[in-house]
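Common to both upcoming complexes is chain A, partnered first by chain B, then by chain C.
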Partner chain A sequence: MINFDYVRATSAADAVSRIAAFPGAKFIAGGTNLVDLMKEDVERPPRLIDISRLPLNRVEDIQGGGLRIGALIANADLAGAPPVAQRYPLLGDALRAGASGQLRNMASVGGNLMQRTRCCYFYDLATPCNKRRPGDGCSARDGLNRAHAILGASVACVATHPSDMCVALAALDAIVHVRGPTEGRALALTDFHRLPGDTPDRDTNLEPDELITAVELPPKGFAEHYSYLKIRDRLSYAFALVSVAAALDLDGDRIREARIALGGVAHKPWRDARVEDAMRGEPANAATFGAAAQALLRDARALAHNAFKIDLAARTVVRALTQAARGTPQSQTDKRIG
Partner chain B sequence: MTQLQTTEVPAAKNPSLAPPDKLAVTLIVNGVEQTLRLAPWTTLLDALRDHLNLTGTKKGCDHGQCGACTVLVEGRRINSCLTFAVMQDGARITTIEGLARNGVLHPLQQAFTDHDAFQCGYCTPGQICSAAGLLAEGKPLTRDEIREAMSGNICRCGAYPNIVAAIEQAMGRT
Partner chain C sequence: MSLSAPTCIGASVSRIDGPAKVTGAAKYAAEYVAPDLAHGYVVTSRIARGRIRRIDVSRARRVAGVIDVLTHDNRPQMAAQDDAYRDDVAPEGAPFRPLYNDRILFSGQPIAVVLAEDPEAARFAATLLGVDYDEEPHVTDFLGQRDAAVAAPKGAFGPPPARGSVETALEAAPVRHDADYYVPAETHNPMELYATTAIWDADGRLTVYDKTQGVQNAHTYLCGVFGLKPEDLRVMSPYMGGGFGSGLRPQYQVVLAVLAAKALRRPARVVLTRAQMFELGYRPAMIQRISLGADADGTLRAIAHDAVTMTSRYEDFYRQETGWSGLLYACANASYAHRLARLDLPTPCDMRAPSAATGVYALECAMDELAVALNMDPIALRLKNYSERDQHSGDPYSSKNLRACYEQGAEAFGWAGRAPEPRAMRDGDELIGWGMATGVWEALQMSIGVRIVLSANGHAEVSCATSDIGTGTYTIMAQVAADMLGLPLQDISIRLGDSTLPRSPVEGGSWIAASVANGIAATADAIRADVLRLAQGLPHAPLAGAGPDDVELAEGCVVSRADPSRRTPIADALRHARLERIEREHLTEFAAPKLAHNTHSAVFAEVRIDEDLGLIRVTRVVSAVAAGRILNAKTARSQIMGGVVWGVGMALHEETLIDPAFGRIMNANIADYHVPVNADIHDIEVIFVDEPDAEINHLGVKGLGEIGIVGVAAAIANAVYHATGTRVRDLPITLDKLRR
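This part shows the complex of A and B:
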């Protein structure tokens, strides 16, 4: 770890003006990703601005039905918050599917959005990585790429975004509120993370001097028909190989609206509006779900070691939609897949 | 303790090459208020072990992947290897050394002994602190739920069945 100094922000405005004044400085919230990456020398901020005590930790109803989630609420507290349990259980389940009880007590919503890839070469300073040092090359493309992307990857980078929470937020059409030195703005969650293209060093469209202040959920929570299904090498405390956040609005057995977001398959939570639109008015049955899964993965490309993820993703989509339609979401404690 | 490494950092990119001043950090550890002067990169785990000589809390992976370093901060279980001590200034910390009361083991400590819930014992302080945090979360838990909720604590010796049984005993189940 490099030498750095430490300041504590006194307000959101103070945090933003401090980061604007010190290039290379970083915010720290729960620390669960940044401290890890600093120990590996992957992140080397000369200054940390501690935002963990800012009063951005409330969950508030929005007039007209939505929910506003402060960026600093702990993942565990958000998962247990009554409006999430009652109206947005998909989000609560995705949060519980991630990390461990200890980590969820530390991890913040903003930090979860900003967490970096778990590509092993990104962590390994001895190997080239375009995300760490643009232009050095990508070690994963012809290396150990079993967990890497099957959708939206580029020659420069085949990494995936590791978050579970963000997959549910993508399905729920969440909006990310940020604040910069002069003004605030709002980004759709689906526009928050980027595809790697030829600038894989940029994970998100957040500017370095912007602070995430809140995440907003629109009123529609799909609390009747949803499922978060995460497939991984061991049943707990492991990142997703593939995960699916599925949500349905049903009229009898016809689909009024479908939402499908995939995790573990791309540089960002993956949604495809064309596939979801084509499901409107169709019966909620195996044929419809199978066709949607095939369409979602039509452009999938395998690397040397991850071809299995294409079939796995398709089957996970079908299973999660089936669970959602039945109203029997995947349990996050009993790991048998029903 | 982590050594100061400045050699690889180009001076132009790091305006603060001189070691920053140590910071005064007050921690209330197992009920005793302690003020330390720490470099900002001292993790809570290193502060406990190297500066307060509380070596019950273990360093397994130092990366959040094993749970050996679990302590309670304001009653909540966290991984002490992934937080800087300075971030916890003013906080109440409970470690394995703080669980027994007046020479009487904490019910979880007693249960771990009763059920032989360890072999080498290296993961045990983290397991017990994690379980204490879990009990404080206050939810009634099935066996499956205990296993899932304790999945942030790895036991290389594989004492898991006895760990779950010990936690069930401490929950008043057996």
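This part shows the complex of A and C:
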């Protein structure tokens, strides 16, 4: 572990000016990922700027509908917040599918957005990794890649984004509010994370001197027809091999609108607008869901050990959509798949 | 006046060390402090094979608080002969010598230890070491080396002699089953990190607080490696946060801590990281080929069991996976082979039920497949071939109540309601599978020394150099002593985990409970004779003329068995003789048993599977165990439950992943190395069947540290087949294997 120094930000503006003034510094909130990475010497920030005490932990209704979620609210608190439970249960379920109770008590919303991949080579300094050191090569491409990406990967990187929360946020068309040294801006969640391309060292489109202040949910919460279905190697406390956030707006048995986001399959939560558009007006049945699943995975490419994920992802999409259509979302406590 | 029967042995007694553990009063190896304690952080090799060309320590040494950096270049002297490094349980070969020379034998090998005034400085400085290597090509791909494997050397763990004519019998058998079964490398992951604190006393003697399953093994080893006089070294391990076999051999941190203490002439502590613990030893990956031949009525005609297991290039570690097949079932023809694939990895080591967890997994899956081929109930097939004799020696058993395990386990599980065909049982969309397997382990006992000090105030101290690795040894020792000395449990204190105490073997093989319990009983016999002699010295002695076998110690008195009203308080007997205490130390030796001796179990598992997604839930396990006399119903049940949970992990989760390109373990943490979590564990029922055994030892104790895991993975694998009709023969059974 590398030595570092530590300062506490007094306001969002103070946080942003402090990070702008100190290249390489990092914000720390819950620290559930960053501290691990620092222990492994993967992250070596010379300075930590503690933002955990900033007043960015409120959940507020937005006039005209929608919800504004402070970036520093703990995952556990957000999952239990009444407006989330009532209007955006998909988000609550995705949060509960992630990590453990202890971690959810510490992890912040902003930190969850900034989670780095769990690729084992990224964590092991003895192996090359383009994400850690651009140009070194990707050890996973020809290595142990059973859990790695099947969509949107590049020669440089086949890592996946590990978050559950972000998968639900992607499905809900969430907007990320950030603040820079001079001004704020808003990014669609689906534009927040990047595909690896030639720059896998950059996980997100956030600038180094920007602070996430809030996540905004549009009014439409799909509270009637949704499901978050996470498939993993044990029944709790494991990262997704595949996860699906499914949300439907139904008119009788016809689909008015469909949202499907996949986790565990790419460098970012995966959505495909063409697939969702094609579902509009179709019957909410197995044929429609199967076709959507096939279309979502049509560009999937397998590595040596993860071919099973393509078929698994397709099946998980169908199941999650079926659960959503029936109004019987996957329970996050009973591990039996409904 | 009547005599209350002994009540402690067998009772459901909570751990007597529990309060110390939950309040933090119990200190573990990394918790001992001393003035000027130096903190060591280990630096390990990036490469799997080659030589260290150079280690640049200059930047590390400049870090504030850093005292020194020890490497092979500047370490204190260590022994030059392999013998010095060969501990009590070392396999054949040239044992690893930490920091000995520039040779790299495996990735993750310790190559330096940074010593600093605090652990943070040591850990930071460790990142600044510059290490240059001359790399050599390495091989760690086990499956790729299957054909290059060499015959295991003949030795204590070599396969038993073959019997009959297996090839002929297999060819003649009307029903035959042949298959390969794969078990990956697995890592113990006890909760407590391996650690050693070495502290000098004023006279220049060293006390080493080490995490180990054998303080005397570590003591002998360190004396050999460092040329210490036995009286100048004491090794202590009073508490241990789990071992499971990983602490049978002295681990490298104990060498590094003593090196540091010697180099600095200061107390020193070395604590390993979780990742570093993955290089201490592991259950070796293995492929086992089983061939079974049977008559149409299920009578076994031939068993062939061949194993290929991985080991290091410097030691031939192996255990007798194959022998269990020839032992368990009546069969006239049996043959075995064991080959080793030598890889650029650390030497494997024993892991809970070494050889049986793995060998019986393969055998019991093969038996299930044979039952399918025969269209026979799996229990019926096993009963058809039930053996009342050890099939290797031909000897009858001192006790074997496996039949009751099958009966009571099946009854509790509801086995009679099982539809025989696969895929026949469902609950909604979920497929239900019921599988079973037999478990078997040894019932071993080893020479052991026990000292009892009985005080006039009615307190007894019982000591032995054994370890309590979390199993409950403290508690069963106190229970046995309480009954044998006729004292309440709270008046017994136990000392263990100290190399200066009476001699004990390493804590492994499930042999400590039987050994130490009988050792206490034998030593208490001597104490009883002493007390009687003193009591007979009293004027008008009520026990005049009685012999030691005519009396017992009960209710704080020495009491006539024939007439409990004839008694003398122990306190009176001692005080009359002007003794504050009497002390006896006795080495109990166990004669080679004339009869065969094993523990057995029958394990039943229910799985529920979402076939579409491949998700498996183990919803019920019943484990019926025959293990002689149970010393403590509560800790015994905990032992078996722990074994079952681990068996679930073995079946569905555990795998140490080694990248062949780098020769490195890539999931060396307990987030990526999966063990079962609460959500994976449902109902576990433990049954102890009655198994009186008057032959095995005085108390009829067999031990049950290992038996709980044996058979569990097979029962689950067999249940998965029964649910789905898909036979997965490589562990762990992950969803991708089920769906391919």
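Keep this in mind: the second predicted complex is superposed on the first by the 338 of 338 C-alpha atoms of A that agree within 3 Å, B and C clash if a C-alpha of one lies under 4 Å from a C-alpha of the other, contacts with A are read in each partner's own complex, and residues count from 1 in each chain.
The rule is simple: a residue touches a chain if its C-beta (ideal position, glycine included) is under 8 Å from a C-beta of that chain, and two chains touch if they have at least 3 such contacts.
Predicted model only: the values in this text are computed from it and were never measured.
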Would you sort A:118 into first (chain B), second (chain C), both or neither based on which partner it touches? second
I'd like to know which partner A:198 touches here: chain B for first, chain C for second, both or neither. neither
Now for A:277: first (chain B), second (chain C), both, or neither, which partner does it touch? neither
Touched partner set for A:207, first chain B, second chain C, both or neither: neither
Report for A:48: first if it touches chain B alone, second if chain C alone, otherwise both or neither. first
According to the stated criteria, A:2 is in contact with first (chain B), second (chain C), both, or neither; which is it? both
Touch check for A:127: first (chain B), second (chain C), both, or neither? second
Pick one for A:136: touches chain B only (first), chain C only (second), both, or neither. neither
With both complexes superposed on chain A, which partner does A:237 reach: first (chain B), second (chain C), both or neither? both
Both chain B and chain C touch chain A at residues 1-3, 41, 235-237, 335
Spell out the part of chain B that touches chain A in their complex, as residue ranges. 2, 4-6, 8-9, 13-17, 19-20, 23, 40-41, 43, 62-64, 67, 70, 76-79, 81-84, 86-87, 130, 133-134, 137, 142, 144-145, 147-154
Footprint of chain B on chain A - complex, ascending: 1-6, 24, 28, 30-32, 35-36, 38-39, 41, 44, 46-48, 50, 52, 99-103, 105-106, 235-237, 332-335
Can you check the complex and tell me which residues of chain A touch chain C? 1-3, 41, 118, 120-121, 124, 126-127, 139, 142-144, 146, 231, 233-238, 241, 308, 311-312, 315-316, 319, 335-337
Could you pull out which chain C residues touch chain A in their complex? 46, 107, 120, 123-124, 127, 430, 608, 610, 612-615, 617, 652-653, 657, 659, 661-662, 664, 666-667, 671-672, 674, 676-680, 734-736, 739-740
